[in-house]
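Heads up, there are several structures right after this.
Two complexes come next, and they have one chain in common, chain A, joined by chain B in the first and chain C in the second.
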Partner chain A sequence: MTFVESLRTRTEGRRGKLALIAMFVALFLYPVILPFAVYEQGVLLLAFLMALMAVSWNIISGFAGYVSLGHSVFLGLGAYTGGLLAETYQVNPLWFMPLGGVVAFVAAALVGMVVLRTRGHAFVIITIALLLSMQVLVTNFRSITNGSNGVNVPLPFWSSDYQNMPFYYLFLVLLLVTIAFAAWIRRTKFGTGLLAIREDEDKAAAIGVNTTRYKVLAYAASAVPIGVAGVVYAYFLSFLNPIGAFALLTSVTIVLSALAGGRGTLWGPVLGGFVVTIVSEVANVYGGGSQSRLLVLGLALVLVVLFLPQGILPAVSARLARRRAAQQKVEYTDQTGVATARTSIVVTPRSAPAAERTAAPLLEIRGAAKSFGGLRAVDGVDLTVEAGSITALIGPNGSGKTTLFNLVTGAMPLGSGEIWFDGTRIDRMPPWERAHLGLGRTFQITRLFKSMTVLENVVAPLPTASWGLMGKDAVSGHEAERARELLDFVGLGRFGSQQAGALSYGQQKLVELAQVLMLEPKMILLDEPAGGINPTLINRMVEIIRDLNRQGIAFLVVEHNIPLVLDLCDPVAVLSRGKVIAQGPPSIVRADPLVLEAYLGPEWLPAEPVPGAVLDQAALSAKGS
Partner chain B sequence: MLTISGVFAGYGGGDVLQGLDLEVPTGAISCIVGPNGAGKSTVLRVVSGLLKPRLGTVHLDGVRLDRLGTAGVLGNGVAQVPQSQALFPQMTIRENVLLGGYTLRRDKALLGKRYDRVAELIPIVAERSHDKAGNLSGGQRRMVEIARCLMVEPSVLLLDEPSLGLDPISLTGVSQLVKDANAAGTTVLLVEQNVRLGLSMATHGVVLEGGRVRLEAPAGELMANPEVAELYLGGAPTGGASAGAQVPRPAEPVPGR
Partner chain C sequence: MTQLVQALVLGLLIGGVYALMASGLTLIFGVMNIINVAHGALLILVAFITWQIWSVTGIDPILLSVVTTPLMFGLGWLLYKGVLSRISGTSPGMSVLLTFGIAITIEGVLNVTAGNRFRSATPSYFSESFRVFGISLPKAQVFGCLAAVLVLGLLYVVLTKTWTGRAIRATAQNASGAALVGIQAAGVAALAFAIGTATTGVGGSVLSVLYPFFPASHYDWISRLLGIIVLGGMGSLVGALVGALVLGLAETLTATYGSLQWSTLIFYAVIMLVLLFRPQGLFGSRLRQDVMA
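Moving on to the complex of A and B:
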């Protein structure tokens, strides 16, 4: 970025910030300047509430990508918590604001722990079910909730001359706090983890993100502000009934607000909350009755999906970016720089692998098997990787190499057999725990988080399960420095602030290697590290792998580039039809007729047998059975 | 003749191609090489209509392609095998390949005939025809992707890294496939990081750097160029046991024998 460009983006950012501040100052002054605009204040305070709920919803459904269709259940829970306690003890409900948040948190966490262990659409259904069943529960639990007769909340203690002004300010402050809360989450490791889950949940788990914990926490966190606001809402309404408090329409309006403004962005849901509330109010007043409001909202949803699938805010900023794009300079891989770079990097392995001390293998796979339908993709594989080795795994397409990787890293459950890593049995652990043990991997087709910047990608991995780590700034001090170092190491130092999706395939491959190094792994599984990479860079890649290996990292490499395998790896294991058919020093590749037939083809003429290579057919078939 | 002139194109973050001029003669196999991020895949995306150029034109035998969109470009006989996996994992191999002939769907007989031909040319299509594409390994998917493109009998075939993820046997298979298609009259424009393999298949070589053509020459000449070899082939022009070379060579002496 040139100086002028950076200046331009900076002033644009500052201009945006100034506009936001001006807007909120105006909102704060509004009731002071026009104290008798009671109706307008009423509409605005409902807009604050809607924006608050949309911003909260955005934490689980925008950041983490799990859509909740029943999010207003927390408004009802908060309202009933505050309302019932206030009625029973005849105190000001506002005292129960924190309790409203706690109740919402606990409810969301409990539901989340059950449903968020899995993936897919179950969550959406459960959120609706939660809302509707709460409605039924509150209606029928008469002894406590007074059923459909409702709850009379104590009236505001202030003089009626003030009208809604105190509520106006309460909701405005709550909205600001909620925005700050969401902004803080987005900035932390926790927030980056949520984005990672949205983009590619398997990959997130592979780099050490405890996806279950993150999702449950995100759901609970997104419930808290709404639960708190619910208490205020009860006070504002001064009367609660189950149908109104647990309304599906409110939930749908939350979703519409966030979608219209821009799901996943910080300010989009705020904008959407204002737009949707005001539009629906206009429809109410000028459209003749509340039914037209439904029509208008439905139409608005259709229009948003058709013309603004990303929402208002992203659409506007994309247009601005396009206008600026033509003047931007694009950077390329520093080909000569990388090829000639001799910068080395120091890896500090967390602790020397236990395997090094006990002479046991670092990774041991015993009788691993996995079937897809009738196809036995991995069929009783025994394989060991010694600490400090670079072991190759070669074999024809479809022989089960990538599947074996998936079994080792936990991306797929093991059918039968055992997998031991560094003295621990890992085959029943979730993927992130295996990553925390120091097991890292790269993918055959790169899987970076495409909407994040390169730097954010590299700092995303979590080497430990510590809770404290989650609250840390995502890109900060020591780690950011380390990430830049690693990017320099793979020759992509200048690309830190670019979107990962804009990089070419080969560049993404290198970023993925830098990413996995952030885990401080003891062992890295490389799935075709040289595929799609320029030959000059391949030589550099070999150097990088050797350099890392010298510092104690073991490698298991899947690769079709045979000269590279022969040059780099020792020992070599050959997989065919889900079984290991040969294992030994690199020379075995050319010496074993089985390997030649299954893998290399007739062009690699058999050479003379090599001592040390496993050639015994009988021994092989015995091993396979 | 495929003619690309004065093309500027990018993905919203600035232009990746910066005034690209390139000609691919009819019947040629032209191979684009260059560093990672030079814009090689972008060239193919512009030709196939996946990416609209900001400036410049693409012509095929006098027909202007760059405003047609993907369907129109395909209608003019240009088919692309993309770099990343693009099969429909829940469909069978047969369904995937037949979808390649989507534009011929009204002519059932022709569709069947083409399918039989493709299945004969690429054995995996026949062997696994009722298997779901999601069950194939990376390399096998590659073969099916190429098979799918051949369904329209394209006059220009765009290949983005055909060798990616292929084992040595499939590698020879794919390179033979490309040569066969070319012998049957298809013009081929391919991008290949396995530069030796790419140039050994090709008649023409193009070096791309910084979004512009830096060098254009017959493939053999390019391979012998020491500067090109140093920068993009990973070593001396004559080859040797460099790790960058991946073309299978007949039995070499086994080290330590």
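Moving on to the complex of A and C:
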């Protein structure tokens, strides 16, 4: 990007920011300039509330990708918390705003802890059920909630001359705070982790993201602003009943707003909230009343999903970007250009270098087994990896190598046996805890988060379970700095702001390696590091592996490129039909008749022992003892 | 004792009807990975159609399912071909939003055409009961349950004994594998969606007699049915059956020994409890997830 071009994009960004500031200043001045536009103010304040709810919904359903269809439950919870307490003690409900947020947080966290532990669809269903059961609960708990007769909230303390103006400002300020809150989340490592979960949940777990904690926290965080706003909403309505406070129609409108504006973006839900509120108000006034409003909203939702699934804002900005790209020159991104840019780095693995360590192996697999139905994919594997070694795991296709990787990293539960890593038994731990111990892996087919930038991909991993680390800035500061260093180390420093999906396959492999290094691993499992990439990049990969190994990181490598394995790795373990059939130095393993038979079939066995090869079973370290 | 037996029998009768309604939903989920949130709205739509025909012609509402079932089969086919197939291959979240939109649209249409008030079909036997060993069995519930069991049996035969059924089950278990052995995934999906929707034909006709309904009732129904399949394990037909019976029993037992208002809450409490210990539901299997790559 030339200087002029970067200046142009920067001014465009600044122009957008100026337009936003101008809009909010106009919204602040509007009641002052036109104090008697009471109706318009009323519509606008509902738009603020809707935008606020859509921005909050976006945290769980946009960032993390878990759709909630009952999000208005938190508005009702906040409203009832504030309304009931204010009625009982005859005080101003606004004092209870923080409490409204707390109630919403607790409710969401409790429900989330039950239904968000697994992937999949239970969540969306429970969100509807939660809304409806709150309706039932509030209707039936007459002694506390006064049932369907409703709650009379104290009237506003200000003079009626001010009309709804104070509410207008309250909702506007709450909206701004909520946007700032969502923007902050998006900037942190927590936010990056949420996007990672949306893109590929298993992969996120493999790089140390405690997916359960992230999802529960995101759901709870998305409830808080709505709970707070609910208290104000109760004061504004001055009367609450169960059907109105826990309305499904409100949930529909939230979903429609966020979706129409642009799910997953920061400003999309704001735009959507305004558009949907104003359009539905117009439809209400000119389109035959509230009977048809439902029909209009439903059709709008169907049409948006079918024809504008990404939303207004992303569609517009994609068009702008396309136009800009047409004027720009294509950047030069060849492999050699990449290969010259590598810098060295200190990785400081959390284990001491091999020489200083005691004799205990870093990774020890004892009798590991796993079957799928009748197929025993891994059938009693014993395997050790010494600290500081580069151990190879080879074997014919289908011999169980990748399954073994999945068992070690926790992507699949172990059938039987034990796995020990650095003195800890890990086979019952979730994947992220294994990552926190310093166990990293790459995948046979790269699994980057394709719609995130390269830098975001590398920032996302979490080396520890620390809560504080989740709140760290992912865009600038120490974490991002470290990610840039790692990208420079693999020679891809220039690609930080590119979409990960736009890189070549070989480059993606290097990014995945940088991603794993962010975990400060003691050991890395590489699944076919040289598969499908060109010789230049293979050399670079080998160079990187050696460099990291010199600094104390151990490797377990699955690879089909046998010359590469024999050159790089020592010892070599051979897996066949779910069992380790040989393990030892490369020169010995290559001559083992069992190995030759496993690879080539029995008819290819030489009649005479291969000259020079020592078929000494004792030297083969007794097959994985 | 009689009271308990009475509650249990009634629970099973209602459970049979729930099982039929939920089987269509779980079938659609199993084959297409789509949570059809519009299933409840389709039930209410059928209930309205049944009520309308019954009030004009006087034909027995439950018998009318002979008309409504093929009607809903056709509607399901059209809905899949015209709307749902357009988003196949995108994220499952989008299909939830789409069917949610369809549900709201159906509710809106009913609001505008039929009006927002309660209805209930009341054939002559509406308030009569059979008496067996001192237990009274409301005729409407017995007929409703019989119709449901009949259709469930038919569904079972179609799924296990016909080529079409085997194709549907094969696609549910392994879509790409089924495609490899010559099953057209798109056709099977449309068929499964149509069959799943056809179950709302009988379900809705029975509903019109057993429960008063109005356009917004569908929220109540869909959350019950979704609850059933979450409890049973999503995609599992046996799970849907068991979940439905649990819901039926929970309802009649809470109504007998507590108060009817709390029955839904009790049911949701049961679901949360089950999910606490078995996140995949009672009969749901955690498949070998696609972590091979």
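Assume the second predicted complex is superposed on the first by the 571 of 625 C-alpha atoms of A that agree within 3 Å, B and C clash if a C-alpha of one lies under 4 Å from a C-alpha of the other, contacts with A are read in each partner's own complex, and residues count from 1 in each chain.
Everything that follows uses one rule, which is that a contact is a pair of C-beta atoms (placed from the backbone, for glycine too) under 8 Å apart; a residue touches a chain by one contact, two chains touch by 3 or more.
Only a predicted model underlies this, so the values are computations on that prediction, with no experimental measurement involved.
Once the two complexes are laid over each other on the shared chain, residue contacts for A:535 go to chain B alone; chain C is not touched. In the superposition on chain A, A:43 makes contact with neither chain B nor chain C.
Touch criterion met: A:372 reaches chain B and chain C at once.
When both complexes are overlaid on chain A, the residue A:94 reaches neither chain B nor chain C. In the superposed model, A:402 lies in contact with both chain B and chain C. When the two structures are aligned on the shared chain, A:106 is found in touch with neither chain B nor chain C. Note on chain A: of its two partners chain C and chain B, the one contacting more of its residues is B. Applying the stated contact rule after C-alpha superposition, one finds that A:65 touches chain C and leaves chain B untouched.
Contacts of A:445 after superposition: both chain B and chain C are touched. Comparing the two interfaces of chain A, the one with chain B and the one with chain C have residues 372, 402, 444-445 in common.
Of all residues in chain A, those touching chain C in their complex are 61, 65-67, 69, 111, 114-115, 117-118, 120-122, 124-126, 128-129, 132-133, 136-137, 139-140, 202, 248, 252, 255, 259, 291-302, 304-306, 309, 372, 402, 406, 411-412, 443-445, 447.
On the chain C side of its complex with chain A, the touching residues are 29, 35, 37, 83, 86-87, 90-94, 96-98, 100-109, 111-112, 116, 216, 219-220, 222-223, 226-227, 230, 234, 261-262, 264-265, 268, 271-272, 275-276, 279-281, 288-289, 291-293.
Per the touch definition, chain B reaches chain A in the complex via residues 10-16, 18, 34-38, 40-41, 54, 83-85, 131, 135-140, 161, 164-172, 193-196, 209-211, 230-235, 241-246, 248-257. Contact residues of chain A toward chain B in the complex are 318, 321-322, 325-326, 328-333, 335-336, 339, 372-373, 375, 394-402, 444-445, 498-499, 501-507, 510, 528, 530-539, 542, 560-564, 566-568, 586-587, 590-591, 599-601, 603-608, 610.
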